[in-house]
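Structure, as structure tokens:
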Amino acid sequence: MAQRKATLERLNAFSDGVFSIIITILVLELNPPQQTTFTALLALWPTGVSYVVSYLFVAIVWVNHHHVLQYAEAPTARLIQRNFAHLFSVSLVPFSTAWMARTRLAGVPVALQAGVFVLVNVTYVALLWETFERADEREISAQARHMMRVRSFLTLGAFSIAMVLSVKFPLYGLGLVCCCLVFYLRPEAPHTAGNRSRFLAILRAPRRRGVHCHTESKE
Amino acid sequence: MAQRKATLERLNAFSDGVFSIIITILVLELNPPQQTTFTALLALWPTGVSYVVSYLFVAIVWVNHHHVLQYAEAPTARLIQRNFAHLFSVSLVPFSTAWMARTRLAGVPVALQAGVFVLVNVTYVALLWETFERADEREISAQARHMMRVRSFLTLGAFSIAMVLSVKFPLYGLGLVCCCLVFYLRPEAPHTAGNRSRFLAILRAPRRRGVHCHTESKE
Amino acid sequence: MAQRKATLERLNAFSDGVFSIIITILVLELNPPQQTTFTALLALWPTGVSYVVSYLFVAIVWVNHHHVLQYAEAPTARLIQRNFAHLFSVSLVPFSTAWMARTRLAGVPVALQAGVFVLVNVTYVALLWETFERADEREISAQARHMMRVRSFLTLGAFSIAMVLSVKFPLYGLGLVCCCLVFYLRPEAPHTAGNRSRFLAILRAPRRRGVHCHTESKE
Amino acid sequence: MAQRKATLERLNAFSDGVFSIIITILVLELNPPQQTTFTALLALWPTGVSYVVSYLFVAIVWVNHHHVLQYAEAPTARLIQRNFAHLFSVSLVPFSTAWMARTRLAGVPVALQAGVFVLVNVTYVALLWETFERADEREISAQARHMMRVRSFLTLGAFSIAMVLSVKFPLYGLGLVCCCLVFYLRPEAPHTAGNRSRFLAILRAPRRRGVHCHTESKE
């Protein structure tokens, strides 16, 4: 068991490293203008929009990835493979972001960006299934599993529509992508009393067995 | 509790990753000269100044971030969101540094750099409030809270003045920014007897509860 | 002992950092096209193929590296040197990938890529020998050692053939490289009953002594 | 105490992150040739030499840094400042390497590279003094301190001579730098019986108190 946990921790740490590099190298695409005026800076708004959208997206993906790997029990070959597939799809984000920014939000590049988001979602669902399939029923209620599936497919659907829409109407497609991201980020869900999002609430929920159980006996 | 700490540790590790990448990719903006003379190298002084200022700034931000997250108790959604907002503002530093360096410290780029520093400070204060608001009064004395607020607003004010000043007088604005950074770094505060800065002294102060409590029982 | 383990952990963490950066900066070589059409995107297929092959390769190298370092007992000077030699050879992958992609899979660049893969394998075998030579016979059976050697030399041979072949027939050479990589990745080995690859199965095997033994007593 | 150790661990992890990024982004300077011939590849030998020298240097600096921070007891402000100064000087290596490579080992760029190595050494000595000054005499014998000082100053002297020499005779200067690096790396010191270098032997020496003492009680 100790070995499994050690491997899971390294898988987490490696994934965190990849996420932190991807979210940071996005900024390498932000080329400062030649002129030294505010007008020249403002003319870069498509680059700014592309950067903000990608940053938000990777941040949300990190939170989700963190969440799903909490339920992983053993570092099976399939889990490692699906995790690499997920990281691969996330690693395409800087490429599509750069294309979108340089072409000032043209149709096909925005569609590619949405397509990459779809791919990230598909590999995330694959990771989710591998993890949840193996987790006990006691730990993750049928309702939670259902919610998870519904949300995954809703997002997948919205990004797919955005992808098709963007080819002709890139700004509408991008707007739809932004709505999805903001939906994930809104601080309060309508039917919750607290000041935390339903999305992140699970981070505070008690878990069956601590991955870092070496701290448990001290409390 | 173990779960909360594990999540906090991962948040710390992820943030550290982002900080270490940002402070390192700054150097990718340092383009070596075409000629192979010392004169050509010295002509790069605006790039050198931009790099040193940004490096110092990110180093100070890292120390501050480390400090404030020590008081975090639970990885609430709001904490995670404000942390991502803080990291986002820091991630703009390489962009403004590059613009400043390439335009040889022109007015608007230096003002943008100061503006990014203001943004980093604003998101830091937001992070500070989220953390301190939830911390017990016993742990952080009213005086410490007061000091923290005063210092945050002084820095915020100085950077804001530097931002406005830089548009017309970039070198004076940059000088003001440098004064703030050196103020943070001076090894001895006037009224302290030891050889440590008041700024970092808090790192050695006893904390209520250890994040890494698995070492506690050994001492 | 605690010290040795601490050093091993830092060696692991440092190596993981290098792997995660290498696998991520590969994407910086993916330059988006100037046009905004799907045709322009599809014309980048040699870049895409180069990227996917390199990503797969680094992922497999990470799993192998993780595996071999589990058997390391002490951070000897030789282990550290061979580890740096291994990381050095892996760090050449982005260079050969970029050359291969920019020249649209020309002969010599593909041969260089295969040559880099050979170098990575040679340094891996060196690391393996240093680790296994020092490990007890009880822990790693003669059969496992034999398997490990056979597989290493088979891969080494295949990559060497691919290197020579690529100079004249780059696509056949690349095809051979891809076959090797896919062979490592196939989810089920013919003679195993479970749904896990033989390659990764070892990750779940009990180990003699846990590196992270602080979790052992809790279970 | 737990807090101090936690801060030291984070300082170590942050420094490791910076080192792993610096050693990896060196490769971004390796621009593949336009032609697809072995001749074009061999013409890049100055780039190759620059890369190998810098890689070796950063690897040695990492081992040294790891070594010195093992003796740190508390994360004092001065330790943190000197650590940042050390990381700053190391962060200049990609810049001087790129200049050296692009000018095909011209005089001034090689001198700058040696100058950066001097700066790294100076900040390392500063870090060493801060750490050793505070460590007990029992732990680090007078002889060990003496050895450390002698070696530091010898390296400092050699790099300084190389710096001056390189302005007129870059290849001789670079040769001297390479000799120093190889001296550090030779696997066996003349007067030691084992198969480990004297340099790294200290990594296996028992330390007074484990930073990761949570593993101690298990053994």
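Some notes on this structure:
Each chain gets a letter, A, B, C and D, in the order it is written, and its residues are counted from 1.
To be clear about the criterion, contacts are C-beta pairs under 8 Å (C-beta built on N, C-alpha and C of every residue); 3 or more make two chains touch, one makes a residue touch a chain.
Values in this document were obtained by computation on a predicted structure and should not be read as measured data.
The greatest centre-to-centre gap from subunit A, using C-alpha centroids, is found for D. Taken over every residue number at the interface, the positions common to subunit C and subunit D amount to under half, indicating a different-residue contact. Chain centres here are Cα means. That of subunit A falls 37 Å from that of subunit D. Taking each chain's centre as the average of its CA atoms, subunit B and subunit D sit 26 Å apart.
Residue numbers of subunit C whose C-beta contacts span two or more other chains: 13, 17, 21, 25, 28, 213-214, 216.
Across the complex, subunit A is touched by residues 1-7, 9-10, 13-14, 17-18, 21-22, 25, 28, 74-78, 80-81, 84, 87-88, 91-92, 94-96, 98-99, 102-103, 106-109, 112, 213-214, 216-217 of subunit B. Residues of subunit A that touch subunit B in their complex: 12-13, 16-17, 19-21, 23-28, 30-33, 36-38, 41, 55, 59, 62-63, 66, 70, 185, 187, 195-197, 199-201, 203-204, 206-207, 210-216, 218-219.
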